[in-house]
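Residue numbering begins at 1 within each chain, and the chains themselves are lettered A, B, C, D and E in the order written.
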Amino acid sequence: MNALIISAVLGVVMMFSGIVLKQNSAVRSVAFAGIIILLLVNSLEMCGTVLFKVDINNLIAFNRFTLVFNSIAFGATFIYLLLTAEDMEKVGKSYAEYFALVFFVLCGVVLVTSFKSLLILFLGIEIITIPLYILTGSDKRNLRSNEASLKYFLLGSFSTGIMLMGIALIYGHQGNFSTEGVSFLPEGVKPSVLLVAGMLLMLFAMAFKVSAVPFHFWTPDVYDGAPTVFTSFMATIVKAAVFIAFIRLFEDSFGALQSGWQFIVALIIAATLLVGNITAVFQQSVKRMLAYSSISQAGFMLFALFALNTVDAKEGIILYAAAYSLATIGIFAVLNKLGDYSYEGFNGLSKEQPLLAGTAVVFLLSLAGIPLTAGFLSKFYMLKAALGTGKYLWLVIFAVLMAAVSVYYYFRVIQAMYFKDSKAQVPVSASAYYKVGLVLVAFLIILLGVYPEVLLSWLYF
Amino acid sequence: MKNVLQIVYLIPLIPLIGFLINGLGRKYLSKTLIGLIGCGTVLASFILSIWVFIQVKEGNVHTAHYFNFISVGDLKIPFAFKIDQLSSLFLLIITGVGFLIHVYSTAYMHNEKTDHYGRYFSYLNLFIFSMLLLVMGANYVIMFIGWEGVGLCSYLLIGYWFKNTEYNKAANKAFIMNRIGDLAFLIAIFWIIVRVGGVNFDDVFAVAKGEVQNRRFTPADITIITMLLFIGATGKSAQIPLYTWLPDAMAGPTPVSALIHAATMVTAGIYMIARSNVLYSLSHTTMTVVAIVGLATALLAATIALKQNDIKKVLAYSTVSQLGFMFLALGSGAYVAAVFHVMTHAFFKALLFLGSGSVIHAMGGEQDIRNMGGLSKKLKTTYWTFLIGCIAIAGIPPLSGFFSKDAILISTFNLKFGIVFYVIAGLTALLTAYYMFRLLFVTFNGSFRGTEEQKHHLHESPIAMTLPLIVLAFLSVVGGLVGIPEVLKGNDLIGKFLSPVISPVKHAHDIAHSTEILLMIIISVLVLVVIGFAWARFKNYRHKEETGFGKVLENKWYVDELYEKIIVQPLHNFGGFLKNVIDTKVVDGLVNGAGRVINYGSRQLRLLQSGQVGIYVLLMIVGMVFFFVIQFFIRK
Amino acid sequence: MIPVLLIIIPLLAGVITFFFRNDKIVRSWGLLTSLVILALSVYGVSLSGDSSLLTAKADWLQSLGSSFFVRIDGVGKILTLLTAVSFPIIFTGTWNSQYKKPNSFYALMLLGQAGLMGVFVAADALLFYFFWELALIPMYFIASIWGGEKRIRVTFKFFIYTFIGSVLMLVGILILQSKTGNHSFSIQAFNSLQLTNKEQSWLFWLFFVAFAVKMPIFPFHTWQPDTYEQSPSAATMVMSGIMVKMGLLGVIRWVMPIMPGAFHSWGDVAMSMSVIGIVYASLIAIRQDDLKRLIAFSSIAHIGLMNMALFAENLSGVQGVMLQMFNHGINIIGLWIIVEIIERKTGSRRMSELGGLAQKAPSMAIFFVVIALANIALPLTNAFPGEFLMFNSLLTARTTQLYAILFTVFAGLGIILGAVYTLNMIRKTFYGETNAVTAVVSDLSINEKIALSVIVGLIIVIGIYPQFILDITNNFSETLANKRFIPQAIITK
Amino acid sequence: MVTQVLFWILSVWAIFSALMVITSKNPVYSVLWLISTFFAISGHYIMLNAQFLAIVNIIVYAGAIMVLFLFVIMLMNMNKESEPQKYKWLKMAGTVAGGCLLLVLVAALKDSDIRNQQALVNEGNIGLIKNLGKELFTTYVVPFEISSVLFLTAMVGAVVIGKKE
Amino acid sequence: MPVNYYIFLSLALFSIGIVGVLTRRNAIIIFMCIELMLNAVNLLLVAFSKMHHLKALAADAATTAGSDGQLFVFFIMVVAAAEVSVGLAIIVMMYRNVHSVDVNFLNRLKH
C-alpha cells in the first residue's frame, strides 16, 4: 500500500519538478530520491509498517510475494535510472515527464502485482500501458518511434478489448470481479463454459502483454522502434510485473482449472520458445535480437505459469524476474552507449572499453543461462518446476534445446566484442555513475547466480 | 653355482643397460667405447646364458617371479621369467649369434657417424633385450612384450638409414604386418584369460591338460587359440600371407638382417608354437593348417628365390622358405625338429648373411649379383665360409642343415597324405640347393662384372668381420651333431634335452628305418645333382632378361602388387571416402545442416513479422480460434 | 579440504593473473601455481580413500536440495592427478609460445583448471553441472581469441555442440533429483535410486549424449578435429588431454552406478558407436595430412576404445580405462607439444611439406617417436597395460559372445590402423631428406626437453610398473564393477 | 412483449449500425454510424434500467469521445473515401477469421449453464445514479482514485506527445 | 429477457469490431472499431449485472448485487476516455510526420 500511494504521489511530484526545476540534473536527483524513497517505504511494509490505512475492501492485497517482487521492481528501476537516466535527455525535451511516467508505471506495477479484483487488474494494466504508449512514441521526430507507438497503441487497445470480454464472461459466471471466485472446483464437476471462455480470453490478453506467441507480434517492432532507454524499461520491469500479474491471476482465479489450460499453456510455451529463439538467430540488429530474445525469455518464464503454485515456480519467477531484468537492463545500457546497434557495432569493444565488454559478457552469459549467473539458476528453477509437474517432458527437452539455440545469438555479441577487431569505434563516453552501475549489475547477477538465497529468503520469514 | 638362476634377470638387463648407455651417450662416447659396450653387454649375457644352460642341463629349471606387472581383480599377470630347456637353448642362440653379429657390426658399421653408430648399437642391444624377454617370459604377456619389442627394434633397424624414404616405408611395412599378427596374438591371450583366468604358461598348460578343476578348454577354444597364435606367428615369422615384409626388411644394415631377419626374431613364431606345443597337440585342425601354410610358404619363397638378383633378397626368400620348413615341422608335430632347425638355421643363415655383408662391404654397397662375379679370388675367407653355409643349407651330410632338414622331411609322414608333403618338401629342398648355389656361383665364380672402381677396391674384410664368419662356419659344420637321429646311430641329444618341455611325438605313420635311410640317400644324391646342374648353368653367368614364368618369379608372383590392389588401395580409398564424403558431408553435414535448418527457419520465420498491423491481428485471431477449438472441441 | 583447495587455488590464482602485466611473471606465476596444485594433488592421491581430507561439504543452494559437496574418490584421484600433472607440463612445454595478452591467456588457463578440478571432484549433481559448464567457457575463450583463422566459427560450433549435450544432461539431473526421496542432488541420493527400465533408458540417453559429445565418440565427433586444429596448442592440450576425460568421468560416475540397467541394455549400441568410431577415425587419420587433425582423429579412436571398455562392464575394463585416462592425457599432451614446436619453427603442420626433421632435431625425433609409440600402445610404454586391460574386457563384455568377439576384432583393427597412421606420421615428418621448410629447424630448447622428459619418464615408468596407478583406483573400480553391475544388470529384460 | 419488440429493434439497429461503421468508405460516415450504434446500445441500457450508464454513454461516448474523433478526422481532412481497395484477400481473410471467432464463441457459449437465466428488464434500481454513486464512493473509492492516476498519465502523455520540440 | 440474447448480441457486436480491426486500414477507424468492441463488452456487463441482480432479488429485496457490473462499465468508460486522448494524440503525431493514417504505411519496422 505504501508503494502504491507514494509512487502515484511521486509521479505527480515529477510532473511538477519539470516546471519548477530548470536543470535536468536536478530533476534527475529528484527522481533518484524518489525511487530510493519508494524502495524504503516498500521495505518498511515488508517489515510490517503500513503508513496509510486505507479501507481497500478486499480489492487489493499485499503479501510477501508481491512485496518482494515490488522491491525487485523498484531496485531494478533504480539501477535502470542509474544506467540510463542521463541518456533520456537525448530522447526529447520532456525530461521530467518521462520520469513522471516511469513512476506512474510503477504505480501500475504495484497494482497488477497486488490485485484481488479483476477491476484492479484492468486498471493496473491500463496504467502501465498508457504511459508506455507515450514513452514508445516519445522520440517524436523519429518515424520508427512514431510507428512503434501507433502499433503498440492499436494492438494494445485491441488486447484490452479481448481482456474486457474475458472479464465480462467471468463476471457472467460468478457475479463479481473477485479473483477468488473459483478458487476450487469440486471433483468431477465440469467448469462452466462461460468461465472457461472468459479464462481463455484472459489468457490471450495476458499472453499478449507478456508477448507470448502467437500474441507477440507487437514486441519486436515496438522494442525496436522505441527509444532504447525505454525499451529497456518496458522489456524488463514492466514485463516481469505483468508476469507476476499473470501468475497471480491464474493461481487465484483459475488454479482449479489447471489441468484444463495446462496443455494450451504448454503449446504457447513451445511456440514462444520456438519463434523467439529461431527468429532471433537471423537478426542483424542487436536491439531487435534482444527484442526476440525477450520473447524467448518469456517462454521460459511461462513455465512458472505452467507449473503454478509450486515453491519452485514461485521462487523461480521471482529469481527470473530479477535475473532477467538486471541482465537486460545491463545489456541495453551497454547498447545504448554504442551508436551502432548492429553486431558489427560491438566489434572490438573489449579493447576499447574493457569494462563495458566485460560486464556485457556477464549479462549475456546470464541471459544465455550459463552457470554461476543468475540466468542459469532462474532457468533451472523453471525447468525444475516444470519437471515437478511430471508432465510434458518433451516440452522441457524442447526448452533446453531452444536454450542452446539462444546461446548462438547471445554469443555472437561476445564474439564481436572479444574475437573481432574494431573498425574505428566512435568514442564512448561513460560516466562514473554508469560504470559503477554496470559493475553493480554484474556483481548482482553473479551474486544471485551463486547465492540466490540472498533474494529468495525474503520470501519467507 | 645354482644361484645363477637367481640372477637371470641380469641376462636381459645387461643389454638394456647397454642400450641406455649407448642411446643416451651416443654423442659423447667414442666409437670404440660404443662398440665395446655393445659387444660387451651381449657377451656378458652370453656367458650368463652358458652358465644358465649348464644349470638347466643338470635339470634345474626355474621360474623367477619379480613383481606383478598387472593385477586386476583375479587376473594377475606377473613379471616373471621362466628358465627351462627351451628358453635356455634359445638364450644361447640369441646371445651367441647376437654377440658374433655385434662384433661383426663394429667393423661393418665403422663408417657411420659416431652418434648414428651409437644409435645402431643401442638399437641392437635393445633388440637383444626384447628377444631375451620374449624367450624368457614365463607367460604370454611377457612374451608378447618381447614380441612387440623385437618388432619395434626391427622397425627401427630397417629404417636405420632414415633419410631413405624407401627404407622407411619398408620399416613401416614390417611393423604393420607384424602388428596384424600381433593383434591375433593378443586376442588369443584374451581368449586364454577368459578360459584360464591367467596367462602363465604353467597354468595354461595345466588347464589344457585337464589338471585343473572347473577350468577347461573346449576343442573349439583350443582351435581358436592355436589358430590365433599361429596367425601371430605368421606375422613375426613371415609366413603366408604376411611374409612380404621380410624381403623388404633387407633395407636394414646387413648384420641386422643376419641377426633379426634370419637368426633370431623371425624364429620367434617357432619358439612360441614350440612353447605352446601342449595346446597345439590338442588341435589337429590347426596342426594341419600350420603344416600346409608352412609348406606352401617354403615352396613359394623358394620359387621366388630362384630368380632374385639382389644378394640379400635371395637370402631373405631363402629365410622365408626355411621358416616355412620349420612350420611344416611344427605342423607335423615335430617340435624338436623345428627347434633344431631354428638352431642350425641360425648358424648358417647368419653366416650367409654376414658373408653377403662382407661381399657388399667389399663391393662398396653393391648388392646386385649381376654386377659381381669372380669374387672368390679376392675374398677368400668370405668365399669359403659362404660355401660352407651353402652346403649346410642345401642339406648335404654331415653338415648341420642335413640333420635338421631331414628331421623335418621325415616328420611329414606324421601327417595325413604325408607322402605328398614329403615330395613337395623334398622338391623345395632341391630348389633351395639350386638357388643357393646359383647365388654362390654367380657371386664368386666367373669373371668380375662390376665397375673398375669396385674392382680396385675389392679386398677381404677386416678380422672383426671374418672372425664371426669363421666361427659361424664352424658351427654350421658341427651344429648338426647335437641332433643326429637314432636312425643314424646318433642319440638325438637335442630331442632328449628338450623332452621335459616338448613331449615326444607319437609317430602315427611310423616309417621303417630302412625307408628313412633310403630317403636320406635319395635326397642327398638329388641335391648333389642339382648343385651340379647349377654349376653348369652359372659358373660363367651372363645376365639376360627374364621372360615368361621367370619374369613372374622375378616379380615375386606379383604378390605385393596384389596386396596393394586388393587391400591397401581399397582401404586408402575408403579412408578418403570417409574423410571427404562421410565425415564432411554426412556426419558434419548433419550437424551443420541442423544449424542451417535453424538459420533457414529463422529467415523464413521472421517473415511472419511482416510489419503489417492487420496481419498481426489476423494471426492473433487465428491463434485464438485455434486455441478455442482445442479447448472446447478437441480436448473436452 | 584438498578438493576445495584444488578448485580455489587455480581460481584465485587465475583471477590474480589478470592483473599482472609482465610476461615473464605471468608465466612463472602460472607454472608456480600449477606446481603447488601438483604437490597438493599428489598428497591427496597418497591419502587413503576414507581420509576426511578428501571430502568437503558446505551448505549451498539448500532450498534446491543442492550443496557444495566435493569428494575425491578413486576416479577423482586419477583425474585430479592427471590435471595436476598436465598443467605444469603444458606450461613448461609451451613456455616459448608467444601470446598477445599473456596475462589473460594464463588466467583463463588457470580458470579452466579450476573448472576441470571441480568437475572431477563434484559429488553433487548440480555442482557437477556448474563446473561442467565452467570448464568449457575459459577454453572457449582461449580458443576463440588465440586460435587460428577459422577459430570463431569452429570453436563456436564446439561450444554450441557441447552445450546442447550438457543441457540435455541438465534435464536428466533434474529428473533424477525429482525422483529422490529428499529432493537432493547429492550423488549418494542418486546412487540409491531404484529406477524402472523405462526411466533408466530415458535418463541414460539424456546423460550419455552429453558425455558422448564431450568424449567425443562417433557420430558426435565432428567438432573435435576442427577445434583441435584451430585452438592454440595449450588449449588443445587441455581439451584433448583432460577435457575429453570429463565425458568418461561422466559415464563412470553418473551413468554406470545410477542407471545400470540402461547402461547394460544400451551397452551394445554404445559399444557399436564406439567401435565404428574407432575404425572410422583410424581410416580417416590415415588420410590426414595435417598433423593436428591426424592426432585429433587418433584421439577419437582411443577414446572410443575407452568408452567401449566401460560398457564391457567388467573390472578389467574399468581399471583399464582408469589407467588409460591418465596415459592418454599424458601422451597426447606430449604429441601436441611437439606438434606445436614443429608448427612454430616451420610454420607448417602439413606432413607433405615436412620431412627430415630427425636430422635437424634428433632429440625432438626421439621424444616424438617414443610418445608416438606409446600412442599405439607398444609394450613397456604406458598405454600398453591400459589397452591390454581394455581389450581384455571386451572379450568378456556383458553382451552376446558373438558381439563380444566382433567388438574385440574390430576394435583390434584400430591397433593395426593406429600403427599405420602413427608410423606414417613419424616417417613423413621426421624421416627422409630435409627440405626448404624444415632446413631451418633447430633442436629442442631446455624447457621443452624438461617437459618432454617428464612425459617420457611417465610413459616408461607406467609402462613397466602400471600397478601403482591401478592400485589407486582398485577399490573404486571393484566397487563399481562388482557391487553395481551384477545385481542390477540382471533386472533388464 | 413490448420489451421483446424493443429489444429486437434495438439489436438490429445496433448491429446494422456497427456493420455500417466497418463498411463505410468515408470515415465521417463511420463516426456517425458509430454514434448511431452507441445510441442503440444506450437504448438497451435504458431498457435494462441502467439509467446512469445510458446517460453517460450518450454524453461521454457519443457526445465527447466521438466528437473528438470527428474533430480529428476533420483536422486531417479525411472526409472522403481515402482507402484504396487493395489487399482484397486480407479483407476476406479478416472477415473469415472474425466470423470464425464469432462462430466458435457462439458454439462454445450456446449451452452455457446460464442460458435460461433472465436479465431483469425495466426494473431494479441498481442502475440508478444514487445507488451507483453510493457504491462508487464507498466500496470502489480506491479504484476511483486510481483512475485519477490514469487520467494523470493520459494528461502527461498528451503533454509529452503534443509539446513542440 | 433471456440473458442469452444479450450474450449473442454482444458477441456479434464484438466480432463486428474485430472484423473492422482486421479489414480497415485507417488507424482512426480501427480505433473506432476497438471502441465498438468495448461497447459490446459494456452491454454484456450490464446484462449480466441485471441477471445477477435478478438472481439475488429472489433472496433479498434490498440487495445491490449486480451494481459492481455497472460500475465496471463506468470504469471502462473512464479508461476508454483516457485511451482515446492518448490514442488520438499518437495518431495526430503520426499524421504530422507522414501525412497519412494508413496503417499499411507502418512498415519500417518488420522482420
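What we mean here is this: a contact is a pair of C-beta atoms (placed from the backbone, for glycine too) under 8 Å apart; a residue touches a chain by one contact, two chains touch by 3 or more.
Fair warning: this is a prediction, and the values are worked out from it, not measured in the lab.
**Student:** What is the set of chains touching both chain A and chain C?
**Tutor:** B
**Student:** In contact with chain B and with chain C at once: which chains are those? Just list them.
**Tutor:** Common contact partners of chain B and chain C, which must touch each of the two, are A.
**Student:** If you tally contacting C-beta pairs for every chain pair, which pair wins?
**Tutor:** By number of C-beta pairs in contact, the leading chain pair is D-E.
**Student:** If you take the mean of the Cα atoms for each chain, which one ends up farthest from chain B?
**Tutor:** It is D whose centre lies farthest from that of chain B.
**Student:** In whole angstrom, what separates the CA-based centres of chain B and chain E?
**Tutor:** 97
**Student:** Nearest whole angstrom, what separates the Cα centre of chain D from the Cα centre of chain E?
**Tutor:** 5
**Student:** Can you compute the centre-to-centre distance for chain A and chain D, using the mean CA position of each chain? Integer Å is fine.
**Tutor:** Result: the chain centres lie 32 Å from each other.
**Student:** Can you give the whole-Å distance between the Cα centres of chain A and chain E?
**Tutor:** Each chain's C-alpha centroid was found; their separation is 27 Å.
**Student:** Quick one: which residues in chain E touch 2 or more of the other chains?
**Tutor:** Within chain E, residues 3, 7, 14, 17-18, 21-23, 25, 30-31, 48-49, 51, 55, 65-66, 68, 71, 75, 79, 82-83, 86, 90-91, 93, 103-104, 106, 108-110 contact more than one other chain.
**Student:** At which residue positions does chain C touch at least two other chains?
**Tutor:** Those would be 160.
**Student:** Which chain D residues touch at least two other chains?
**Tutor:** Expected reply: 87, 90, 93-94, 97-98, 101, 105, 108-109, 112, 114, 139-140, 143, 147, 150, 153-154, 157, 161.
**Student:** For each chain, which other chains does it touch, given as pairs?
**Tutor:** All chain pairs meeting the touch criterion are A-B, A-C, A-D, A-E, B-C, B-D, B-E, D-E.
**Student:** Flag every residue of chain E that touches chain A in the complex, lowest number first.
**Tutor:** 3, 7, 10, 14, 17, 21, 27, 30-31, 34, 37-38, 40-41, 44-45, 48-49, 51-52, 55-56, 65-66, 68-69, 71-72, 75-76, 79, 82-83, 86-87, 90-91, 93-94, 97-98, 103, 106, 108-110
**Student:** Please give the residue numbers of chain D that touch chain E in the complex, ascending.
**Tutor:** By the definition above, chain D touches chain E via 3-4, 7, 11, 14-15, 18-19, 21-22, 27, 30-31, 34, 37-38, 41, 44-45, 48-50, 52-53, 56-57, 60-61, 64-65, 68-69, 72-73, 75-76, 78, 82-83, 87, 90-91, 93-95, 97-99, 101-102, 105-106, 109-110, 112, 114-121, 124, 126-127, 131-132, 135-136, 139-140, 143, 147, 150-151, 153-155, 157-158, 161-162.
**Student:** Using the touch rule from the top, collect the residues of chain C that touch chain A in their complex.
**Tutor:** Residues 60-64, 126, 129-130, 133-134, 137, 141, 144-145, 151-152, 156, 159-160, 163-164, 167-168, 170-171, 174-175, 177-178, 202, 206.
**Student:** Help me check something: in the complex, which residues belonging to chain B touch chain E?
**Tutor:** Against chain E, the touching part of chain B is residues 606-607, 609-614, 617-618, 621.
**Student:** Spell out the residues on chain A that touch chain E in their complex, using ranges where they run on.
**Tutor:** Touch list, chain A to chain E: 119, 122-123, 126, 130, 133-134, 137, 140-141, 143-144, 146-151, 153-154, 157-158, 160-161, 164-165, 167-169, 171-172, 175-177, 220-222, 224-225.
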